[in-house]
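Some structures are shown below for you to check.
One chain, chain A, links the two complexes that follow: it is found with chain B in the first and with chain C in the second.
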Partner chain A sequence: MRRFTRFYLVREVPVFELLGEECLEKTVRTGRFYALSYKTRIDQDDVVALLPTGQLILSVVKDTYEQLGLEGRPSQYAHKRPMRYVVVIDLTDKSMAPGSKRYDRVLWALREKVPLKTDFLMACHSVVGTEAWSLPPCLSRYPWKELQASVDTQTLRDLPCPVLHGDDLRGETACEPHAFLEWLGAVGLGIGCENEATSFLSTYECPEPRTLVDQAVLCTVTGLLLPEDIHSLLEELRRYFDQPKSSSWLSLVVHGFADSPISWGMAEHGFHKGGENFYSFVLFKNQDYWLHMGTGANDGCPP
Partner chain B sequence: MSKESQRIVELKLPEDQSQLLGVKSQNDEKAEAFTSAFLRRSMPGASLTKIECALVHKAVVLKYHKKAGPKKTKRPKGLSAKQRRELKVFQLKPEHLKYELFLPLHELWKQYVRDLCNGLKPESNPQVIQNKLLKADFHGAVISVDRSKCPSYVGTTGILVQELKHVFKIITKEDKLKVIPKRGSVFSVEIDGFVSHIYGSRFQMRSSERSAKKFKAKGNIDL
Partner chain C sequence: MSDPGAVGGSVTYQRLVHKNSSGFHYMKVSLVFEKEGKRIDGAFFKQLIISALRNVYGEIGAAFPFDVLKFEEKSLTAVLRVYNSGLVKLWSALTLLGSYQNETCAVRVVQVLLPYQYTGGP
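Up next, the complex of A and B:
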């Protein structure tokens, strides 16, 4: 886990900087660059995201869209009058080559018409064997900080834990997958599952059948985690079962940013009462796995 | 029939002219009697009244003259819309569409606005200037689209060539004539440091009618 890619928090970056020729060379052309605007709410402010496929997504408020002058479409999650618009610019497209009319128009809109400025979380996955990626000079002139994903480990003792069987999806002999997911969330949040009569906070109960487990490890990682890193983590977890261990299953839950403009491919993501979009893997000894994919109210169905 | 008989009668006269000269008045009766007898003979079926009618001399008017009355001077009514469209009075020819040709117009407009606002000093009240501009004519002003419901209009700048009821016709620096609808856009006009924003949706009237219109603050200014 120490091998997670370092990410950068850069403050007050004007968005047109990302379109500079030199910047494009070091970031978008690598094909592994991720950038997301930091602390901008998806339902209130303008959110900017840059994908590794080279697409720049601006999810902007109505006023900003009318002043910006770039064509986009109204957000799917709008009522009678759209209050939110999504502008997608493909930076790898031929028409966006530096010097073309479209490129000039986009640059003019982002530089002179409405100078959008946000804090960014940026990371670029480096290929194994080459040196780690660092901020290009066009971005490092703004105040930046290099951060590492923070890892927090907890050991839980005497935890009531449901019994699971890998191929049992309907919960006939063992715990049902949906109930298990709920229990997992409860454990993650530290909610007590005793369901005592005197407790008014929660009536969550550990699903039947259950056993009592001596020790369990709960590990939380926070930061801008890249898919490649999560993939390698998953591989490691699979290898954990190569040697005989006492536990019969382990689970990995990955949460997406609540304020990201997209989720699951290019589907639009909104924030209704919660901006959850996550998936969780439950791995069993025999290399079986359960995959739960969860989304919030203003979201498309996961693939 | 009557024509023929008349011709016969006329033909006869020159032959007997010398004989008839002296005794004309008598011959009138005789001639009449002779004519009627002859007619009766030649037109056996016709009645006496018909013969009489045939002999009546009617005057045939060959020309008709009307008295010329006092001449009324006509007021020029002006051309109707159809005639205007045919004459293409409001269409600009392509050779006239050069940005440089409209720059003198822009200078004229600047002068006009300066006179209208009594010279644009930095301390003049923007409210007063705005009120005056509402009734002013904008032909020749440099207008740019600030915000618009349709993002492709945003940013177009140029000299206003024509103001119609619902659109602005603008010529850009690249000598292109752009037609921009007023609805759903906010235009910005700049004069001597004063920038004025015009909400196009509320401005939809002919410039001639706008000078007489009172603007009320109704509804919201959301695009």
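Up next, the complex of A and C:
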């Protein structure tokens, strides 16, 4: 858990700074840099994301788009009149090489026409054996804070737990997948699963078939978590089954940011009643696994 | 994820796509009283919501079940579970609630979740 990459919260960064030559060298060209605008709402504000592939994504409201004058497309989840537009700029493309016409136009739009400024969460995964990445001077001149993923661990005792069979995806002989995911959520929020059907407050029960587990561990990690670190965590969790007294399954749930402009690769992500986009790995002792991928109404289908 | 070196092991892959298949919606709500420091319990909170539903939709309109999965007395926040068909009625009744037993109060809907977005995430 301590090996999660540290991330940075940098305040009031003008977006055009990300296009600077020095900045590009230390961020985009590493191929492992992630940035997402902080506390910007995908259905109301201008949201900016920079992917490790070098794509700069600006999901902006109609006014900002018209003033920026950059080429984009209306949001897929727009109503009759588009109120949101998405501009995607590939910073690694030849046409965006510093000094080229397109590069100058984009820089001018972000610096002069609409000086977009936002707080950013940023991180860059460092290759094992090399020095840890730190903020380059083009970004560190703005107020910044280095943060570590917060880890909260709880031990749960006498937990009613659904029975799962790895080869039963439909829940014909064991717990049904939706009921299982609901139970996972209930455990995560500390919701009691032992109610009677006649109870006034809540009738929620642990799904059948169920068993009682003496002890279980619930670990919650919060922060800007990079896919590389999650992959390492998954590899560690697989090794848990090498222990003699391990349980028959374990679960890893990863939530994407509700206000991210994309999810599942480059598919546009929106916020309808909720901004859910998540995946859940359930690993079994025999190395079978389930992968649940959940999306909201304003999302593309996961791969 | 079977061991590729296992003798006689075969790797099978199944993909199932479910659309709109969850029967429930979940709401994270927060109750705010005008008079600060008021303490109530879960049963009182549920009765408050039932009365709000009856005020807007009448006895028959309010006759659908919902669960108060979790209620925190200190912060007056709760997680509710309702069938999809009752979501709009519940949400609208909560929005229109202005007072209960002559006490001015309001319910703020913090989040509307599908089953899985439970951890109070980012």
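The criterion applied here is as follows: the second predicted complex is superposed on the first by the 295 of 303 C-alpha atoms of A that agree within 3 Å, B and C clash if a C-alpha of one lies under 4 Å from a C-alpha of the other, contacts with A are read in each partner's own complex, and residues count from 1 in each chain.
Please note the rule applied: contacts are C-beta pairs under 8 Å (C-beta built on N, C-alpha and C of every residue); 3 or more make two chains touch, one makes a residue touch a chain.
Keep in mind that this is a model prediction, so the values were computed, not measured.
Undergrad: For A:Y142 in the superposed arrangement: first (chain B), second (chain C), both or neither?
TA: Neither: A:Y142 stays clear of chain B and chain C.
Undergrad: Give the label of whichever partner, chain B or chain C, reaches more residues of chain A.
TA: Answer, by number of touched residues of chain A: C.
Undergrad: Quick check on the superposed pair: does A:G69 touch chain B, chain C, both, or neither? Answer first, second, both or neither.
TA: A:G69: touches chain B, not chain C.
Undergrad: Output check: A:W108 vs chain B and chain C. Expected answer is one of first, second, both, neither. What do you get?
TA: Touch partner of A:W108: chain B, not chain C.
Undergrad: For A:W264 in the superposed arrangement: first (chain B), second (chain C), both or neither?
TA: After superposition on chain A, A:W264 lies in contact with neither partner.
Undergrad: What is the contact status of A:F241 with respect to chain B (first) and chain C (second): first, second, both, or neither?
TA: Neither partner.
Undergrad: Counting only touches as set out at the top, which of chain B and chain C does A:E182 meet: first, second, both, neither?
TA: Touch partner of A:E182: chain C, not chain B.
Undergrad: Considering the complex alone, what residue numbers of chain A touch chain B?
TA: Result: residues 63, 65-72, 108-109, 113 of chain A touch chain B.
Undergrad: For the complex, which residues does chain A have touching chain C?
TA: That would be residues 169-170, 178, 181-182, 184-186, 188-192, 200-204, 220, 222, 238, 253, 255, 257-258, 273-274, 276, 278, 280, 283, 287-289, 292, 294, 296, 301 of chain A.
Undergrad: Could you pull out which chain B residues touch chain A in their complex?
TA: Going through chain B, the ones touching chain A are 146-149, 151-152, 154-155, 223.
Undergrad: State the interface residues of chain C toward chain A in the complex, per the touch definition above.
TA: Those residues of chain C that touch chain A are 1-3, 14, 16-18, 21-22, 24-26, 42-43, 46, 65, 67-71, 79, 81, 111-122.
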